[in-house]
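After the C-alpha cells below, expect a handful of questions from me.
Letters A, B, C and D mark the chains as written, and numbering starts fresh at 1 in each.
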Amino acid sequence: MIQTVDFKSIIDRYQVVFFDSFGVIKNYKGLVPGMRNTFDYLEAQGKDYYIVTNDASRSPQQLASSFVKLGLEMITPEKIISSGMLAKEYLNLKVHDGTVAYLGTEDSAHYIESAGLHTLPVKAIDESNIHQINGLVFLDDEGFNWYRDLNKVVNLLRKRNIPAIVANTDYAYPLTNTDVAIAVGALANMIEHIVGKKFIRFGKPDSQMFMFAYDLVREANPALGKKDIVMVGDTLHTDILGGNKFGLDTVLVYTGNTLPEDAAMSITSTGIVPTHICENAVV
Amino acid sequence: MIQTVDFKSIIDRYQVVFFDSFGVIKNYKGLVPGMRNTFDYLEAQGKDYYIVTNDASRSPQQLASSFVKLGLEMITPEKIISSGMLAKEYLNLKVHDGTVAYLGTEDSAHYIESAGLHTLPVKAIDESNIHQINGLVFLDDEGFNWYRDLNKVVNLLRKRNIPAIVANTDYAYPLTNTDVAIAVGALANMIEHIVGKKFIRFGKPDSQMFMFAYDLVREANPALGKKDIVMVGDTLHTDILGGNKFGLDTVLVYTGNTLPEDAAMSITSTGIVPTHICENAVV
Amino acid sequence: MIQTVDFKSIIDRYQVVFFDSFGVIKNYKGLVPGMRNTFDYLEAQGKDYYIVTNDASRSPQQLASSFVKLGLEMITPEKIISSGMLAKEYLNLKVHDGTVAYLGTEDSAHYIESAGLHTLPVKAIDESNIHQINGLVFLDDEGFNWYRDLNKVVNLLRKRNIPAIVANTDYAYPLTNTDVAIAVGALANMIEHIVGKKFIRFGKPDSQMFMFAYDLVREANPALGKKDIVMVGDTLHTDILGGNKFGLDTVLVYTGNTLPEDAAMSITSTGIVPTHICENAVV
Amino acid sequence: MIQTVDFKSIIDRYQVVFFDSFGVIKNYKGLVPGMRNTFDYLEAQGKDYYIVTNDASRSPQQLASSFVKLGLEMITPEKIISSGMLAKEYLNLKVHDGTVAYLGTEDSAHYIESAGLHTLPVKAIDESNIHQINGLVFLDDEGFNWYRDLNKVVNLLRKRNIPAIVANTDYAYPLTNTDVAIAVGALANMIEHIVGKKFIRFGKPDSQMFMFAYDLVREANPALGKKDIVMVGDTLHTDILGGNKFGLDTVLVYTGNTLPEDAAMSITSTGIVPTHICENAVV
C-alpha cells in the first residue's frame, strides 16, 4: 500500500487548487465528510480554487446550486468549469446558423439553448427538419430512448456531414458502491466507430478544460503560473493524466474511482503517476 | 468503375459456393431478383453450396423457413452455417452448468435453450440468480430495453468473471435503401471497452465460420479442397476478408453493402481485394 | 494466490494435449526441467500431442531439430503446427504468380521459398521488381535493417495493393528474466496503422492455428472431439483465449509470461479464464 | 471537385493567420512558389501570423533559420510554435531532477538540453544510469539505430515508471511526391501498445498547440478573440481538426497531404470539414 500524505500539507504549497467534483467533493453518498472544512480553509487562506468537471448535463448555475444544497455556498457559478461550457463555446464559435440536435435531458439542452442556439432533441428529427441541423451534441445519457435515438443519430450522421460534439468523455460513472452506469462518452464512442467519422470531444484529460480554468487564474492574478496550481482528482485517466499533461502538479485521492488497494498497481500499469496521494481532500 | 464479370462464368470454375445471406440472396426489398435461377442452376449442375451468415437471431431451421417463404425451398437447414451455431457450440463445450444470460429476442434464446442450456434474459437478472450465471451471449439488438439491460450487463460483468460471447460481430445492418440499424456487435464492443475484458466473437471474418462450412464440404466429398470453393459476399470486411484469409477465392457483388461507384476506392483503401467482382450472384 | 493443481492429474483426463512451445516446453534458460518426463509419459500412455506455436522464423523441420537438441527427440516435424505454416498455406492458395517480399531472416524465407514461391527480401525491392511483387510477409524481427526496410514496406504498400501477411502476431517475446524484445507482430501493427489497410494475421489466438492441429487429431483418430483435447500455455491472450474460443479446455502454466503473483489479477481484469492452473507442464 | 476560393479573399476577413509549415509554406520541393508574397502582404496589412508546426527535431531558432534560407526572413523565432516547445515546457514543469532520455538527433536533444535539463541518448542507457532517468522523449525518427534503441526503450519503460513524452504526433511525413517516411509518432504508438502505458502527446490536433499561439496573440493584442484567427493547413486530421476543435475557422490547402481529387471524399468520410478550401496559401 502506498503511503499517503496529509492533504493540508499539500495545499499549503500551492496558490490555487483545481478540484474534480464527483469522487472528490461529493460521491454517490452525498458530500464527502469534511469537505466544508477544506473550502473554509481555502477561503481563510485567500487561496483560489476551481471545480473542473466532466459534466455537461447542467449549467454552472445548476451545478453551483447543487453545491449550495450540500452546504458549500462558497462554490459560485464562476468557480465552475464544465465540459459543457466548452461544448457551448464551440457551438457559439463554429455553428453559426440552423439547429443543434442533442442527446440528453431537456435541462442539458436548455443550457445550450440559452446561448442563442436553436436546439432539437434527437427524437424530434424528421424529414422536415433534418436539413436544418448543423451540429449534434452528446450531452447526457438520460432523457431519451436509447434504442430509438441512438439509431436515429447513426442515420443523421450518415446523411448530414455535421460536427458531432461529445460534451462528456467519461465511459461510466458510479451509481452506488457496487454499480456503475454507462456514460454518454461510451455511447458517442460506439457511434463514432459505426459511422467512421471524427467526433470532437471536450472533457478531461483534454487540455482545453485546464486552459479554461488557467485563463481564469491568470485573469485574477497575472503573476501566477502553472507551478502555483495543483489538480486534485480521483481518476488516473482523466484528472491526473490531464493535470500532468497540462504541466500541473497532481493529487490522487481515494474517495472515488481509485481504491487504496488498487492504486499502486494502477499507477504502475498505466504509467500515470500523481505528484501526491492523499486519503481524501479534507484539511 | 471496375469492370464486372458474369457470375455464371465464375461459378462454373468451382465445385462449391459459399453465399452470404443478407445483401447477396436477399436484401431489404426481399429476394434479389433472379436468385432462384442461381440455386436451380447449382442443383442442376450438382454443385454444393452453403449459406454462411452472421445471424444469431434465429436457428438454421428458422432461417431456412425464411428462404422457403422467398421461394427457395432447396435451402434446407443443413445448408446454413450461422454465427449463432458457433456460439451454441461454444456454450455446449465450455459452459457446463448454471445459466446463460442473453441479450436478444426470446426466439434467439429459445434456439440456444434447445441445446439443453438454461437461459435467462438480462432483464430477469437479480440478486437471487446472478451467482448462477456462467456465461453471457449477445444474440440480437432487439427484444430488450437498451438503457436498462446494457447497464445491467456492464454491472453483471463487473461482478462475475464469466465468458461474454458475441454471436454477431456486425456493427450495423441495412434497414432500407437509406437507413441502417445498430447491430448487437457494436453494443458488445462498447461494453467490452467499458469493462476492459476480452469478449469471444463468432462471425465472419473469423475463420471458425468458414471452418464449420468447410468441414461439411469435406464430409460430403473428401476429395475437395479450398481451391474448389468460392465465397460470395457483399461486404469487404466480413465476407471477402474472411474468405481470403481462409484461403478461398472470393466474389464481391453489388446487391448489398458495397456500391459500384465506391468499390474501387474501398478496395484500394482497405487493401481487401476480392478475386472477382460481379453485379450480382444471379446466373 | 490461486491454488494450482498437479499437471499429471489434468492430462490424465484428456486424450490429446496441445502445447505452446516458448514459456511451456522451453524458455530463455533452455528446456524447462522435467519436460522430458512429460513427453515420455504421453508416449507411454499412448496420448497424442502437438506443439502449437506462433513462430514463423523457422520451418517445422528446423523447430523439431531444436527440440532434439534439447533432448526431446520424440517431437518430430509432424507434431508441430506453426503460424508460419498457415502463412505458407495462404500464399500457396492465394498468391499464384510473381514474387513474395518478406521481412525476416533468410532462414525464414527459405522455408517459404521451399513451397515453390519466389521470395525477395524487402531490402532488394527496387523500381525494376516492385511490380512483380504480389504479396508481403512479416516473418521475423531479425535479418533486416529496421529503419531502411520498415520505411520501404510502407511505401511498397502505398504503391501496390497486395496482401500483407503477418505470420507471427506476438508483440514482444522474453529474452532474459528481465528483458523482452519487440516481435514482428508489433512492427506489422504499426505499419498497418500508417497505411490504413487490413493485414492478414496468423497465430494464436486465431482459430486457424487450432483448426490445423484439430484436423491432424481427427485424421489420426476420427472418434476424438474437442472435449478430448486440452491446450497448455503460458499466455492468457494467445494460448488460453484462443484455446477457450476454439472450445478446448485450457491449462495456464507459470513457466513463461504469467507470474504466479499476477495470475489472479490478470485473469480478473482480462476475463480470460483458464480451465486449470498448474505450476508447470511437468508430470 | 470542390470549388476553391481565393486565399487573399479569405485572409482579408481575419486579423491573425496560423500557418502549418510543411505542406503549406514549404514542401519536399522547397518553398511553395508565391509564399513570399503572402508574408509580404500580411506584413503590409499589419496582420499578425504564427507558424504552428508538429516539429520537435529543431528549436524555433533553427526552424526560423530554415525559413530565412528560403527567403522568408520575416519569420523570426518568436513567430514559431512547435510541438517541441510544448515538450520542453512539460519537462521544465514536471521533471525536476535527474536525466531525460531521448530518441532523436543530437540537434533535437541539444534544444531540450538548453533548458537546463540533462539529456541522454537512449543508446547510452546502461545499468549505471538507468535509475537516474526520470523521463523519456520521442523527438525525431532519425539519429538512432531503430532495432537497438526501440528495444532499449521498451525495456526502459518496463523497469522505470517514468513519463514518456511524444513531441511529434505525426505517423508519417512526405519525402518526395511518391514516398513517405515513418515519423516518430508512429514509433511511439507502437511502443505504447507494447508496454501498455499512457504516453503524453504534444502536437496538432491537440489544443495545447493552439493555446500556446493564442496566448501570444492575446499578449500582442488583448482585444482579439478566436473569431479573428484562421488556421491554414494541408492535413485534415491535424491542422483542420485541431483548428476546428479550438474554435478557429480553418482553410484547407492542396499543396501538401490532401490532393484536390481526394478532398471531397476525405471530408465526407472523416467528417472533418474546413471552413474554406483554397488551392494554396498564396495571395
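Note that in this section a contact is a pair of C-beta atoms (placed from the backbone, for glycine too) under 8 Å apart; a residue touches a chain by one contact, two chains touch by 3 or more.
Composition by chain, UniProt nomenclature: A, B, C, D = Haloacid dehalogenase.
Predicted model only: the values in this text are computed from it and were never measured.
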item	value
Chain of greatest Cα-centre distance to chain B (Haloacid dehalogenase)	D
Separation of chain B (Haloacid dehalogenase) from chain D (Haloacid dehalogenase), taking each centre as the mean of its C-alpha atoms, in whole Å	44
Distance from the mean Cα position of chain B (Haloacid dehalogenase) to that of chain A (Haloacid dehalogenase), given in whole angstrom	40
Cα-centroid distance, chain B (Haloacid dehalogenase) relative to chain C (Haloacid dehalogenase), in whole angstrom	28
Set of chain B (Haloacid dehalogenase) residues in contact with two or more other chains	none
Touching pairs - complete list by chain label	A-B, A-D, B-C, C-D
Chain D (Haloacid dehalogenase) - residues contacting chain C (Haloacid dehalogenase), complex	145-147, 150-151, 154-155, 158-159, 171-172, 178-182, 186-187, 189-190, 193-194
Chain B (Haloacid dehalogenase) contact footprint on chain C (Haloacid dehalogenase) (complex, rising order)	89-90, 93-94, 157, 161-164, 195-200, 206-208, 211, 226-227, 237, 241, 244-248, 267-273
